[in-house]
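Following this line, the structures themselves.
First chain A sits with chain B, and in the next complex the same chain sits with chain C.
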Partner chain A sequence: MLSRLQKYLPFAKAGIKISTTYKLDFLCYRFGDMLEAIITYFLWLSIFNSSSSNRISGFSFNEMKLYVFVSFFISIIIKTGVNESIGEEVKDGSISIRLLKPINFVNTYLFTEIGIRLLQIFLLGIPIIIFITGSYIIFKIKLYYNFLYIIAFVISFAISYLTNFYFNVCVGFSSFTLKNTWGSNLFKQAIISFASGSVIPFNFLPNVISNILQFMPFSSLIYFPTMIYLGKYTPYKLLNILIFQIFWLIFFYILSKVIAKVALKKLEIQGG
Partner chain B sequence: MQYIKLYKIFVRQYFKQLLEYKLDFIIGILGIFVTQCLNIVFLWVIFSKIPSLYGWNLDELIFIYGFSLIPKGLDHLLTDNLWIFAKKTVVSGQFDKYLLRPISPLFQITFETFQFDAVGEILIGVLLLIKSFNIVYWTPQKAILFILTIPFTTLIYTSLKIMTASISFWTKKSGSVMYIFYMINNFAKYPVNIYNFVIRFVITFIIPFAFTAFYPASFFIRGENNTFFYSLIMISILFFLLSLFIWKKGISSYESSGS
Partner chain C sequence: MKNNIIEVSNLNKVFKKQTKSSNLISYLKTLILPEYTYFQAVKDLNFQIPEGQIFGFIGANGAGKSTTIKMLTGILQPTSGNIVIDGYNPQNDRKEYVKEIGVVFGQRTQLWWDLPVIETYFVLKEIYQIPDSEFNDRLAFFDDILELRKFINNPVRTLSLGQRMRADIAASLLHNPKILFLDEPTIGLDVSVKDRIRQAIKEINSQKKTTIILTTHDLRDVEVLCDRIYIINNGQEIFDGTLEKLKSSYGSMREVVFSVDHINDIEKLNYKLKFPEIEVYVKDNDIHVIFDSNKTVLPELIKYTLDKVVVKNILVNETSIEDIVKKIMRT
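Now for the complex of A and B:
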């Protein structure tokens, strides 16, 4: 097991190097994204101020605030460029270099990305954790979580990351015929940001839609980890959710294998 | 005259590309369309919980939102190449080729691509404006003002993009800076009174995106901010001149990145 992992270590190291080279760029772009979260924050602030009750659809303003920033943090960390990398490498043929190596080529992407993320989690995570804990102490918000919830959150977050990764491997292999990846990405992004609960918590939607969205795989990406962080579930429900998340992860893992196999069979690379 | 002729060629070139990648084009438009629609769903869900947002009702918010998409979409349609410039043209050394041609480099850079995807933004903007058409008490004067407002609001977007793109003359790349400034436009989609003082100050006086949507829209809806039109003209032209100045400065200190 260890020696198997060792083979992928260089890819993770390369990822770390990539992210140190572009760290300023990365921070600038994420700061731009952060503005969106700030707008959402003010929007919710005014919504709660305009409402006659303190809680809307079971959320207090403090919970909503956490929801906005935690879901934003998760959405940034689980972001992946694997679909674009696959698309480009299939188009220009450089994927053949990966295929020639005697290792699982999807894992090479995965480990490079994990390397990239490590520094990014560090860069973003620390200020955000300080901000959140600080707001706990300053505003004296009840601390919901105990050890169990923290562990559950970390597991749920990790599953969320992997689910999104394998989902994007599927996307990468099924859409490399498109040239305008910008448009299709936007399309995908819009659907997912809604279906994952990052635009609005499902609790605000009509019951039927909320239930449908919770059973779809994308709820696993942002909604569940964030709600676990907020301590909204009983331990029993928590376990069910983690099992549900694992189910979709396995589903996309297998699906990505199938799609990759089919796509690579059809792959023709000219020249070299 | 020569410039108009050239622009026609750019557009024709783009349509040739379009015909080759029809599916991509449809997906691009659809992508923008769906993104904006889901934001409206968000507003709609919210308004099922509260009667009004600091005195603004749903139709009014939809009008402001729709209005904000028009200049955004127009700028996106016409000057999208500035993004490419900020991200790679200087760093890859391709800027040299623009300098060799006997036409203003800024003109070439700005208008080289014609980004038809932006039709998605314009389309949904128009649809939202039509939907909330009734809330404005239209007079001929207001209608004329409405049409006159659009080029100036678009100019604010373009000027800001030229300014931030110019930074890459010094730093080789400025896509990320451009992204930060560009994203501030999203603040303009909602009434400014939901924000705190600092943000209101910034989007009114420093990066004046509030003039691209909220101030004009609130004038049309409520007749508030009567003087918005004069300030809009002044600010957008000032901003444009400033962007030209920064571009000139930048181009004079440009050093090719080689090869």
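Now for the complex of A and C:
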């Protein structure tokens, strides 16, 4: 197992090298995202200010604040370009170089991206964690959770990352059959930002819609890890959610294998 | 008789393309009812390659060479037919099969663009799990024949085309594959670099007994390297044999080009009457005449032409592979 993983370590290393090459680019992008999170923060601030009660749909303002920033952090870290990479490499034929190596070629993308993310987690995660912990101390927010919740959050977050990755592998391989990556990407973005809970927590939606969304795979991406971080679940519910997340991860993992297999059969390597 | 390491039987590849009309109405119609055209790139290829052979795979652009190579390397699915290479089916046993082959695409690189050459080699060492001692031995061997030392620590993007090709060939051989696919390895290189690469390929073949499948447009590559020549056109086999056989059958073909002022003068020439066995075609203001030097005497041909029309320039060419292919196509 270890020696099997060792093959992919050079890809993670290369990812780290790539991310250091483009770090300024990354910071500029994240500055834009940060503005978005701050705007959302002020939006919720005014919603809570104009409300007569200090809890809306079971959320206090402090929880809402955490929700905005934690979901923002998660959505940035789980971002992946694998669908575009696959689309591009299929288009120009360079995917053949990957296919000619005795390795799982989807894993080569995965490890390169993990390498890229490692640096980003440090660049972005540490200030956010300091900010959040700091606000706990300053605003004297009650700490709901214990060690179990932190472990559960890390696991849930990792599953979220992998689910999103394999989902995008599926998108990448199906997009070249559909031939229109741009339109389907936009559609995908809209669905995900709504169905993952990154725009609004499901609790604010009508019950029927909230229930439907919770059973869809995208809730696994942002909503559940964030709610676990907020300590909103009993240990029993927590276990159920993790099992639910693992189910969708396995689903997309297998689906990506099937789609990749079908797509590669139809692949016409272009050029030279 | 050596064992056949590659066996190909009844190999076919048909590409399906959606028809796109420029006419708006019929374009909209194809959105709902797509129409397809079929293009057969490879037709019923059958060949066996014994271990250790250098197999020259020749054909004009679009003849189906690259399509065949892609199917042999397993990255393209054949429409029908069988490929067995070293006991593997390239498509179904991808992960195991690719350990036994090395592939160089002349127009593509497997080296990591932003990293020094040696870094790619270290990555390959991990991927193929090559032990340290073997890795160092092979690197020394390739350094010997390909002279990698001068640029091995430079980022790939700074290399010249010739250096990159040498580095690519070494990269494809680090895991000591049984079979090496070289798809136009000398494309775009100057004569001296071509020469060095040919020497290296010969050396590798004789020392490591690697079976080599080579596609090229350069007749010299074939002359220096190949034990056997396999020519395809429109996806079909048109010649299979040694260089000697090819030359004795078609090598006496030559071409002479007359540049003329008035291309309409060709009517005055009426070659067919005097030289019934030659081939003539016109390109721009040039008259190309392909003839068999055993049957037609060159000075006579030139004298005849000069007598009839005003000629600015005369060029006599040895037959290129393309001409031989053209000639074989006609017969």
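Criterion: the second predicted complex is superposed on the first by the 263 of 272 C-alpha atoms of A that agree within 3 Å, B and C clash if a C-alpha of one lies under 4 Å from a C-alpha of the other, contacts with A are read in each partner's own complex, and residues count from 1 in each chain.
The working rule: contacts are C-beta pairs under 8 Å (C-beta built on N, C-alpha and C of every residue); 3 or more make two chains touch, one makes a residue touch a chain.
The shown structure was predicted, so the numbers you read here are calculated from the model rather than taken from an experiment.
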Simultaneous placement of chain C and chain B on chain A, clash or fit: fit
First (chain B), second (chain C), both or neither touched by A:F122: neither
First (chain B), second (chain C), both or neither touched by A:F247: neither
Chain B versus chain C as contact partner of A:F215, first or second or both or neither: neither
First, second, both or neither for A:Y29, with chain B first and chain C second: first
Touching partner for A:F131 - first (chain B), second (chain C), both, neither: neither
Partner chain in contact with A:V199 - chain B first, chain C second, else both or neither: first
Comparing the two partners chain B and chain C, which touches a greater set of residues in chain A: B
Overlay on chain A, chain C to chain B nearest C-alpha distance, Å: 8
Chain A residues touching chain C - in the complex, by the definition given at the top: 3, 6-7, 9-11, 14, 17-18, 21, 93-94, 96-97, 99-104, 264-269, 271-272
Touch list for chain C against partner chain A, complex: 15, 66, 70, 73-77, 94-96, 98-99, 101, 103, 105-108, 110, 112, 114-115, 122-123, 126-129, 183-184
Of all residues in chain A, those that touch chain B in their complex: 24-25, 28-29, 31-33, 35-36, 38-39, 42-43, 45-47, 49-51, 56-57, 178-180, 182-191, 193-194, 199-200, 204-205
Chain B residues touching chain A - in the complex, by the definition given at the top: 21, 23-25, 27-32, 34-35, 38-39, 41-42, 45-46, 49-54, 117, 173, 175-177, 179-180, 182-184, 186-187, 189-190, 194-196, 199
